[in-house]
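Presented sequentially are two complexes of subunit A, the first with subunit B as partner and the second with subunit C.
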Partner chain A sequence: MRLELGKVLIKDVQFGDTTKLENGVLTVNKEELIDLILEDEHLASAELDIAKPGESVRITPVKDVVEPRVKVEGPGGVFPGILSKVDVVGSGKTNVLKGCTVMTTGKIVGFQEGIVDMTGPGADYTPFSETINLVLKCEPQEGLKQHEHEKAVRFAGFKAAAYIAETAKNLVPDEVEVYETDTLLEGIKKYPELPKVGYVQMLQTQGLLHDTYVYGVDAKQIVPTIMYPTECMDGAIVSGNCVSACDKNTTYHHLNNPVVHDLYKQHGKTLNFVGVIITNENVYLADKERSSNMSAKLAEYLGLDGAVVSQEGFGNPDTDLIMNTKKLEAKGIKTVIITDEYAGRDGASQSLADADPSANAVVTGGNANEVIVLPKMDKVIGSLDYVDIIAGGFDGSLAEDGTITVEIQAITGATNEVGFNKMSTKGF
Partner chain B sequence: MVKEIERAGLPVVHMCTVTPISLTVGANRIVPAIAIPHPLGNPALEFDEEKALRRKLVEKALRALQTEVSEQTVFED
Partner chain C sequence: MAKIKVVHYINQFYGGIGGEEKADYKPEVIEGVKGPGMAFKAAFKDEAEIVATIICGDSYFNENMDEAKAAIFEMIKKYEPDLFIAGPAFNAGRYGVAAGAVTEMVQTELGIPALTGMYEENPGADMYKKGVYMVATKNSAVGMKDAVAKMAPLALKLARGEEIGSPEEEGYLERGIRKNYFAEKRGSERAVDMLVKKLAGEEYKTEYSMPTFDRVEPNPPIKDMANAKIAIVTSGGIVPKGNPDHIESSSASKYGKYDIEGIDNLTEETHETAHGGHDPVYANNDPDRVIPVDVLRDMEKEGKIGELHRYYYSTVGNGTAVANAKKFAEAISAELVADGVDAVILTST
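After this line comes the complex of A and B, so read on.
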């Protein structure tokens, strides 16, 4: 499977009479897009705003972040099973609006939603302080149930992203990257000397605000399966969760998964990147056992020598992570895990809820309990009403002067477990 | 909490869904529960069925409490 990813570099985003993309400047017709979003009868109102890097702007509560992409050539469309038919995606040509996002906010659905600051100390913890964000604030109809509210806003984000991405359908991209994965047997013939490495991606699947969708299917209902790595670049996996803001994978993360991109960089050189095994993190122990059994079985069947496992979220999914690791290692597959830590504000507590000696190669996204003080911003998109109740916040988080004291858990993407974050550490 | 109460000399049964975590943290008597969002019930059941399920779980826990153990034990049945 071969995908050409064409990057159209976005230099600026503005509102105007016609939605168009010229010379890297995206112009959005506000009314037209809002009308499209309000076709959903579950939503009472929608507003659009633009937040740019360096501006004194705070966006909260942030639900999802979506990168605008459009299918140019090849089967299917972006977000298959959701906005497009359920064709298999990941081949042909796709254009990406690089440097901008659609970010959804509005009345809170659940306490796992996040904060994005465009400047100041908080900006260092989120990758979305470096993108131009078209922020879509949606308010639900009165009395709308939580699940329908979440779904309506999730779809609003995808629709808005698809609407603006359409402007890039006929453009010649500034940069083109090519990603190609052979079928298993051809790949092994082509790279007989290289170790076969797979990526086991754990998807958060624990109910309201904890769900992920694969080709439109709620991933808590799947058994682990194999995917070509390019499928996620066309939106085969989307986020319906905010668990917590710091370590959820937004739809943007799924589209730009660094584990996939980094493994491709080494593909054919130091390793043979065979494919992706997706698995879930359910709330029943039998599901955890079944899914980890099957991921390990698929990894064995693919003949993997090594695997990278990424977790999503924390707490009981630590057990899914450890089960995956134990079962992969027991089959002789060398395993590296990517996780994050909840080690207390002083960093002295146990980092994960579960552990095993076979989990001996661990990459961490950081300690989500670290406390940060976020100074007041000149402008707020969304609302500060929820700062005290989101995960990472506490009673008194929001001071009268607009300063916010929170754990970095509250910042979207701060300790991301596919490595899409900027924290590092240094030994002294 | 399980460990601190046992340290004070009282036997404890830990009822939990994710028994591997319970084993990792060192509980001695473990009774598997239903699911993480509803460990001691099942909202999918009818009222009477759920009541029976809950009684069964509590009785199992009480039996476990009275059982001598020499190592960490998960009471599967």
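After this line comes the complex of A and C, so read on.
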């Protein structure tokens, strides 16, 4: 499977009469996009704003972040099974609006949405302080139940991203990257000397604000399966979760999965990247056993010599992580796991809820309990009403002068476990 | 600037009193420098001065720890030092334990910077390295020069209140304090690099060594449930509606104790979950799903259990540090025992 990813570099985003993309400047017709979003009867209102890197802007509570992409050639469309038909995606040509996102906010669904600061110390912890964000604030109809509310806002993000991305359908991209994966047997024939490496991606699947969707299927309902690495680049996997926003994958993370990209960089050189195994993180023990059995079995069947295993979340999913690792290692498949830590605000507690000696190669995204002081920003998009109660906040997090003292777990993407960031942790 | 005043602790051997035959030597304080103190004195130059040296027999200390500690505490306090150093103890087990214990005591009770040094397999290392700065030394006195060369600069840094670098930079044994920093490469690239090395059989360094858990042995089962007093404790975050104690949705710093006298059934109107780590819809619809008050009341009526304890305890087990959880458990279990509770139903989510 071969995908050409065309990057259209976005220099600026502005509002205007016509939605268009010219010379790297994206213009958005506010009314037209809001009308589209409000076609969903579950939503009472929608507003649009733009947040740029370096501006004194705070966005909260952030639910999802989506990168606009459009299918130019090849089967299917972006977000198959959700916005497009369920064709298999990941081949042909896709254009990306690089440097901008659609970010969703609005009334809180749970306790769990995140914070994005466009400047100041908090900006260092989130990748979305470096993108121009078209922020979509959606408010639900009164009385709308939490699950429906979450779904409506989730879809609003995808629709807005797809609407914007249409502007790039016929553009010649500034940069083109090509990703190609052979079928298993051809790949092994081509690189007989190289170790066969897979990527075991664990998807958060624990219920409201903890869900992930694969080709439109709630990933709670899947058994682990095999995917070509390029499928995720067309939106085969999307996020429905942001609980403890620091270590949840937004849709942006899935579209730009850095493990996939970094394994491709080594593909044909130091390793043969044969494919991705996706698995879930359900709450029932039987599900955990079944899914970890299946992913280890698939890895064995593919003949893997090694695998990168990425977790999503913490605590309960630590058990899934350790089960996957133990079972892979027991089959002689060498693993490196990517996780994050909850070592307490003082960093002195043990970091994981489960452990095993076979998990002897660990990459960490950081200690999510570490506390940060976020100075007041001139402008807030969304609302500060929830800062004390979101995960990572506490009674008194929001000071009268607008300063926020929170654990970094409240910052969207701060301790990401697909390894999106540079942060790590050292023992002192 | 005034010289930094140091008190130094050594054992009977390094104090020149004698070997094993003198290991029962009681604590003694002498003015000025003794034994390995000479090497520290040379390393400190004019910046610090060892004003007193405490000498204590290793057996005496380990067999009379409370008395020894109390006596040594008074000796140190008298000198009002700015800094305390014990050892280095190398691989001498009882010396290591004494050095660790005294260092920890000085640091906690006198609130002054303190450090020690010993071989990493010294039993004192495992016991005290979490709480104090402990420089890793060789396993015998052959390593004295090397030990002082690492301990002296770290001691001065501590005394001056300067920032202390990582274990690799400063030479101390890792205390298990996790601190964030920004690495050069992103996590995914570090993971791929690590895997390539692991596959090639090359050396690699994990970023987190697996912790060892302290497992709790379950108590023997209760034989007479019909007369047992049962309490509920949960990390599922069930609280009276409105979360009156403002228990955090994640990383809880507290727990709540709530009266359920006269309540047979928890409902959407009376209770909810404060937990931010699970889908709250089903817990909020019927909080009995998380803490089975309704079923326990039935069992109480049917005589299957003796009594449901009047209070239940609740916290949020979502990203909550083990140290906090342990603290809550100690306080809660003391109260439960005092209230004559025989067994606890512990629910999590």
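In this section, the second predicted complex is superposed on the first by the 423 of 428 C-alpha atoms of A that agree within 3 Å, B and C clash if a C-alpha of one lies under 4 Å from a C-alpha of the other, contacts with A are read in each partner's own complex, and residues count from 1 in each chain.
Please note the rule applied: a residue touches a chain if its C-beta (ideal position, glycine included) is under 8 Å from a C-beta of that chain, and two chains touch if they have at least 3 such contacts.
Note that the coordinates shown come from a computational prediction; the quantities given were computed from them, not determined experimentally.
Within the superposed three-chain model, A:T319 lies in touch with subunit B and out of touch with subunit C [touch as defined at top]. Judged by the number of subunit A residues each one touches, C leads among subunit B and subunit C. With both structures placed on the common chain, the touch criterion links A:R2 to neither subunit B nor subunit C.
Looking at the shared chain after the overlay, A:K30 reaches neither subunit B nor subunit C.
In the superposition on chain A, contact of A:N416 is made with subunit C only, not with subunit B. Judged by the touch definition given at the top, the superposed model places A:G207 against both subunit B and subunit C. In the superposition on chain A, A:L285 contacts subunit B only, with no contact to subunit C.
By the document's definition of touching, of the two partners only subunit C reaches A:V259; subunit B does not. Once the two complexes are laid over each other on the shared chain, residue contacts for A:A355 go to subunit B and to subunit C alike.
When the two complexes are overlaid on their common chain A, residue A:A391 makes contact with subunit C while staying clear of subunit B.
The interface of subunit A with subunit B overlaps its interface with subunit C at residues 206-207, 283, 316, 355-356. Partner subunit A is touched in their complex by these residues of subunit C: 130, 164, 166-167, 174-192, 194-196, 198-199, 204, 206-213, 246, 248-251, 253, 274-281, 317-324. Within the complex, the subunit A residues that touch subunit B are 206-207, 283-285, 288, 316, 318-319, 322-323, 353-356. Interface residues of subunit A facing subunit C in the complex, by the touch rule stated above, are 110-112, 124, 145-147, 195, 197, 206-210, 243-244, 258-259, 261-263, 265-266, 270-271, 283, 305-308, 310, 314-316, 334-339, 341-352, 355-357, 359-370, 388-395, 407-409, 416-428.
By the touch rule above, subunit B contacts subunit A in their complex via residues 17-21, 24, 32, 34-37.
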